[in-house]
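Consider the two complexes below, in which chain A is the common component and chain B and chain C are the respective partners.
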Partner chain A sequence: MRQSYRIIPIYTADVSGVCSALYELGGMTVMHDPSGCNSTYNTHDEIRWYDQDSLIYISGLTEIDAIMGNDQKFLDDIKEAARELHPKFIALAGSPIPYMNGTDFPALAQVLEEETGIPAFAVPTNGMHDYVYGAGIALEEIAKRFTGEKTGRIQARTVNLLGVTPLDFGPVSHVEVLKENLKACGWKVLSTWAMGDEPDAFLQAGEAEVNLVVSSVGLRAAKVLEEKFGTPYVVGTPIGSYTERIAKALEEKEQISYRKDRMQGRKDRKVTLIGEPVIMESLAAGIEEKYDCRVEVLCPLEETDGLLADGDRWVHGEEEMEEALKAAEIIVADPLYKPICPKNCEFYELPHIAFSGRIYLKKLPVLGKLV
Partner chain B sequence: MKKIAVYGKGGIGKSTTVSNLAVALAEKGYKVMQIGCDPKADSTIQLRHGKEIPTVLEMFQQKKQNLKLEDMVTVGYAGVVCVEAGGPTPGLGCAGRGIITALEKLEETGAYETYQPDIVLYDVLGDVVCGGFSMPMRKGYADQVFIITSGENMAIHAGANIAMAVENFKNRGYASLGGIILNKREVPREEEKVQELAGDFHTQIIGRLDRSELVMEAEEAGKVLLEYAPDSQMAEEYRKLADQILAVCGEEKPC
Partner chain C sequence: MLKRVGHPVDEKGAAVAIKDAAFPVPFAPGLEFNSPVHGNWNIVHTGMLMPEARQIYVCADNCMRGVVLTAAEMNAADRFSFVIVKEENLLNGNLEDITIEGVTDVLNKLEEKPKAVLLFTVCLHHFLGCDLERVFQELEERFPEITFIRCYMDPIMQKHGPTPDQKLRKAIYEPLPKRKADEKAVSFLGSDFELGKNADLKRIVRAHQGSFRELPGCKNWEDYLALSEGKLFVSSYPPSKYGAEVLSKRLKRPYLYLPGSFDYEEITAQLENFCQAMGYGKLEETISVEEEIAACERALEKAHEVIGDTAVAIDYLYHPRPLGLAKLLLTHGFRVTRIYLDSISPEEKEEFGWLKEHAPEIQLIATIQVKMRVLPRKSDEKILAIGQKAAWFTGSPYFVNMVQGGGLYGFDGIRRTAELMVEAFTEEKDTEDLVVRKGWGCESCI
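Presenting the complex of A and B:
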């Protein structure tokens, strides 16, 4: 099966994922690239770009600097900007050219940290992975380095929401709905990784009773926090009425509750969902519970290990997706999928910024209110 | 686990020296892994008696995400674990990037955990011509770099470039310079010139290997000298070099 995309777009790339995850945290994120990565990011992927300041930089890598391996210019530019702006951290994200050159970003981050005294880290992006990978590793680094020491204090019935970026959830008002859903079930959100919070909210993340991974972006951070603070994690998105089930999973520390909840073995009329695994699986479980209607999830993103229910699957590339959709009767997906869906299917629009950017921003659903 | 990278000008005798060193270390009871970082893929050829082995990059190209460690690792003479990074077709692609990918693939497939070598030897092509060839000296790879040179001017020049790269990368947490191995070619003022190189980079000549016809005979026979002529004077020189490298690395005797 070919992996080319003729009709549908590809998902937001890893570099944008890093920028999106770190956008509100007071750090400085530097994409090492001639300039293409930043225009894609601020034009298509970042809905906060015009309303909210952030220290997102592009290095402006030139042909001759790439050929000559002029890492010093990259370092000097960052140091100069950092001296002026005093970021809380410096994050380096690579793109295809430095990837091919073999630029050693972890070593450059070490040099920056030693020379500026500002914590610095690298995210091994190369523009060839999807946003979940980039954003996931960025939040993993935050979990490792910016969450303070273990105090042993646990605040009962509190959670951190892990894996929250506009790429999956839209504006912060939509994220508030997730928090309200949990609040209605007796759970307070301590920190949201990573939007809508004070940057220091991370410092108390280790005091949460449990972490809730609301999208696959948060999974790596959840594993670090489990190791660092012993905090268990639950995977699932508090969508509408399904929030009650999530709340029960939080109480019982049931790691991936939706996998148990999904209908098995029924061959009746089905709904097909396409998108990010955790949100779509939670939505599928909510639909099945509410409408007694079998749902299948097709996931086109890279990181699905252990996240999909039986019968659901990872689909790679446009041709494979087109094939997988042939028998679908009801499809719920981003509108840009419509051209590869069967003509006689019922299609319901579920815009996803990580797929169609800002095009359908005004029609963006509030995920927390869907079922 | 000690990781050692050996650099030097092309044709100076790196692979021959590293392979004999690997066997000398294996004789002392160490589990040794030798990784050839050269598109020619001939670093371990004497350890495998000329038998062809698939390279890491060939296997990755064929098997993509299904790449398995056993596809690219062969156990050679004296139990030395042999790996060849491989590289692109001459004149195409990017050999330096190939070295990075090959070493990453070895790590991803658990080469070090599975074979648990006491000593890993990276035998690296030529001098540090681009970022890819600095990979074996990066953090997480070699702890120490040894440079092989003769008294020939070109070999000394290449050695100086390598030492300079190690020096430049000091603040990146890369490997440090362990010393220089003098592989004699019987040129005028050989010892003096190599001593001068060592002095310039505040290091020492940690081992000396005489020029010996036996080394070439062993190569013709497709064997390492320690297998071809284990009782020879030259074999003793390799064993002595192994002791000197262990001393520099602070390695204790294996259990």
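Presenting the complex of A and C:
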């Protein structure tokens, strides 16, 4: 049964994705939920929570307010907090009960914007999708509303890194490696969506020669920036030696280079990767190139359209994943997948915060240095 | 890189001198902040106390993530399974089916069946009017050898009724059968921690060659069932009271609520009641109250000699009676300057009044109020923090690392607190490493 899980966990959900994407942008993100979303997010999905402040709160929705459709308390509480804390924007994220009630979040955001004068928007989460969806839409909103107007000025050999959150990449020091990899290939990073920059960095995002979608989280924003500024985008992660191929794709504006690069037609699959599609496909291409070894990518996340190479698969749920792994010989995945891997396979740990949370934080690999 | 965000803010609304504080809620409700302090136990930790049982949750991704990783972090993923609720299950109205078939699927995949399943349903089941009777009836018919326990993760209900935590502390005793009372046995209910071996109640029972039974000490299913044999049921942790009362009525067994206290008179009265209920005669025939109090005084005096005039901050997570602890310390010369809490327990109304009169400038400081995210978390002076939240909010590495009263009780609890304060004052701790770990006292693999 697809929906039952005996032993492995699930990926970070959409609500946490929103919070993670907006964490460093100076806004206030409010989860409309009774209790658990906040604790889940800041315990398992947010490695910055201990000492890097961000205005992320929960509404504390009660049964009576949910039944009576009382949105006024939600609005009043947000307005009161905004009056005290002066956020740059207000983002609203819903959870299962408001979804079931049909809470009109876009309308509530509009009311908040009109009454506080602070830009406000809603991200249509319901706690039932994965983080790529939530974080992706959050960054899409940033692209629509906080990147200024088109100036026509383009800075040559510059990129914006789109889709960077600790959920996929870990601490900011790991993100710096991605930037260094690109710099070594002659590309300068204008802004990183959304880690390590001042919020104002987004105002010059429209001046980049090209956008680089380093994880599927950044794809929606890339499409908005393409429409708004005419900036082309390339999909791929600058991992180790594969960065040179990414750099070439940036020069040629080749949208998804790894799909061409992946070995075609060979059946002798030796290595199986599990994880986020863009990073795993880039890693797979790097491994194939370096070791002449066929790689298969299994992606358990929802948004994979056009992102997977031929022969790679979207796999949903523990049972399907266990079945897909039955013939695997070498598996590279988060350690919490190990209980459903064949006993005689070779297993290489590749911790992923969006799956195992902070459990393997001390062993987190620097993705940019992997191959 | 550390960053401060937003506009400079003052403490107004997040802190108040106790002389100006309202009872029982000193702070206006609003949006809520959740600090990175996670030593408190949640329903997963408490559910794991039940031996030979498995927890199965049925809920949406976001709610699930918190509980499944709680189990993983305590190295108990092999006793935890779940069923994900999808959008279509809400729209199709087949939550009963998905719950029944999902749980069945999980159980069929297990090589060895558990003795009991703690089945957690959630807010969605409640709001959609899911027929839980049908769910449990069907599962009990399919798996007659398994005891299914009705558990709830429905925080949306917690402000107008029992919390999920309270309901769980009731549910985990529901399988206890009616058994003949063991005249020598006491069953201590609803606590996450074994009482310290020198806790007053244990010493008294030991002096009468009795047995002291408690869930955290149960190694197997039979140990658990034997909890029903206590001649007397006792609980001390406030969230346990609701469930213990229900159990006492169902099994027709006397019950005493003996909350952890820092007041000599209250402790004495509790112990006298206990001795009477157990048929031990007068308390003084077992222990000398005078000597107990004298030993407490010596421990507190010794602690004060070490700690002196250092500022002391207390939080509600250390013990359910933070005001009582503040009163005890103030009356023994300590300089208590602030207490972190979000509401005041009705059990502490008297202490609240006492502090208003005798220590009117003590600061009550919220932990969930929105400003607590951005207010400064450091101090120029050394602060002894009693509790994890006090440690994080003050930025102090000198703190007593314990939650929910630990296994402390009675006169012994006072002495242990004094000893822990001395230890905390003299030995610097790695606050960040310790307070972020979930479930103080549990295994933690982070």
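One rule holds in what follows: the second predicted complex is superposed on the first by the 369 of 371 C-alpha atoms of A that agree within 3 Å, B and C clash if a C-alpha of one lies under 4 Å from a C-alpha of the other, contacts with A are read in each partner's own complex, and residues count from 1 in each chain.
Note that contacts are C-beta pairs under 8 Å (C-beta built on N, C-alpha and C of every residue); 3 or more make two chains touch, one makes a residue touch a chain.
The model shown is predicted, which means the values in this text are computed figures rather than measured ones.
Peer 1: Using the superposition on chain A described above, determine whether A:Met68 touches chain B (first), chain C (second), both, or neither.
Peer 2: Neither chain B nor chain C is touched by A:Met68.
Peer 1: Looking only at contacts as defined up top, I'd like to know whether chain B or chain C touches more of chain A.
Peer 2: Counted on chain A, the partner with more touching residues turns out to be C.
Peer 1: Using the superposition on chain A described above, determine whether A:Glu114 touches chain B (first), chain C (second), both, or neither.
Peer 2: Once the two structures are laid over each other on A, A:Glu114 reaches chain B alone.
Peer 1: Looking at A:Met100, would you say it contacts chain B, chain C, both, or neither? Reply first, second, both or neither.
Peer 2: Both chain B and chain C are touched by A:Met100.
Peer 1: Is A:His86 contacted by the first partner chain B, the second partner chain C, both or neither?
Peer 2: Only chain C is touched by A:His86; chain B is not.
Peer 1: Output the chain A positions appearing in both contact lists, the one against chain B and the one against chain C.
Peer 2: Shared contact residues on chain A (touching chain B in one complex, chain C in the other): 100.
Peer 1: Can you list the residues on chain A that touch chain B in the complex?
Peer 2: For chain A paired with chain B, touching residues are 69, 100-104, 106-108, 110-111, 114.
Peer 1: With touch defined as at the start, can you tell me which chain B residues reach chain A in the complex?
Peer 2: That would be residues 94, 96-97, 100, 130-132, 134-135, 138-139, 169, 171-174 of chain B.
Peer 1: Give every residue of chain C touching chain A within the complex, in rising order.
Peer 2: So the residues of chain C touching chain A come out as 1-7, 9, 13, 29-34, 36, 38, 59-66, 68-69, 72-73, 77-78, 81-87, 90, 98, 101-103, 105-106, 109-110, 123-124, 127-128, 153, 155-160, 370-371, 373-374, 432, 436, 438, 445-446.
Peer 1: Flag every residue of chain A that touches chain C in the complex, lowest number first.
Peer 2: 1, 3-7, 9-16, 24, 26, 30, 34-40, 42-45, 49-64, 66, 77-78, 80-81, 84-87, 95-97, 99-100, 126-130, 172, 196, 336, 339, 356-359, 361
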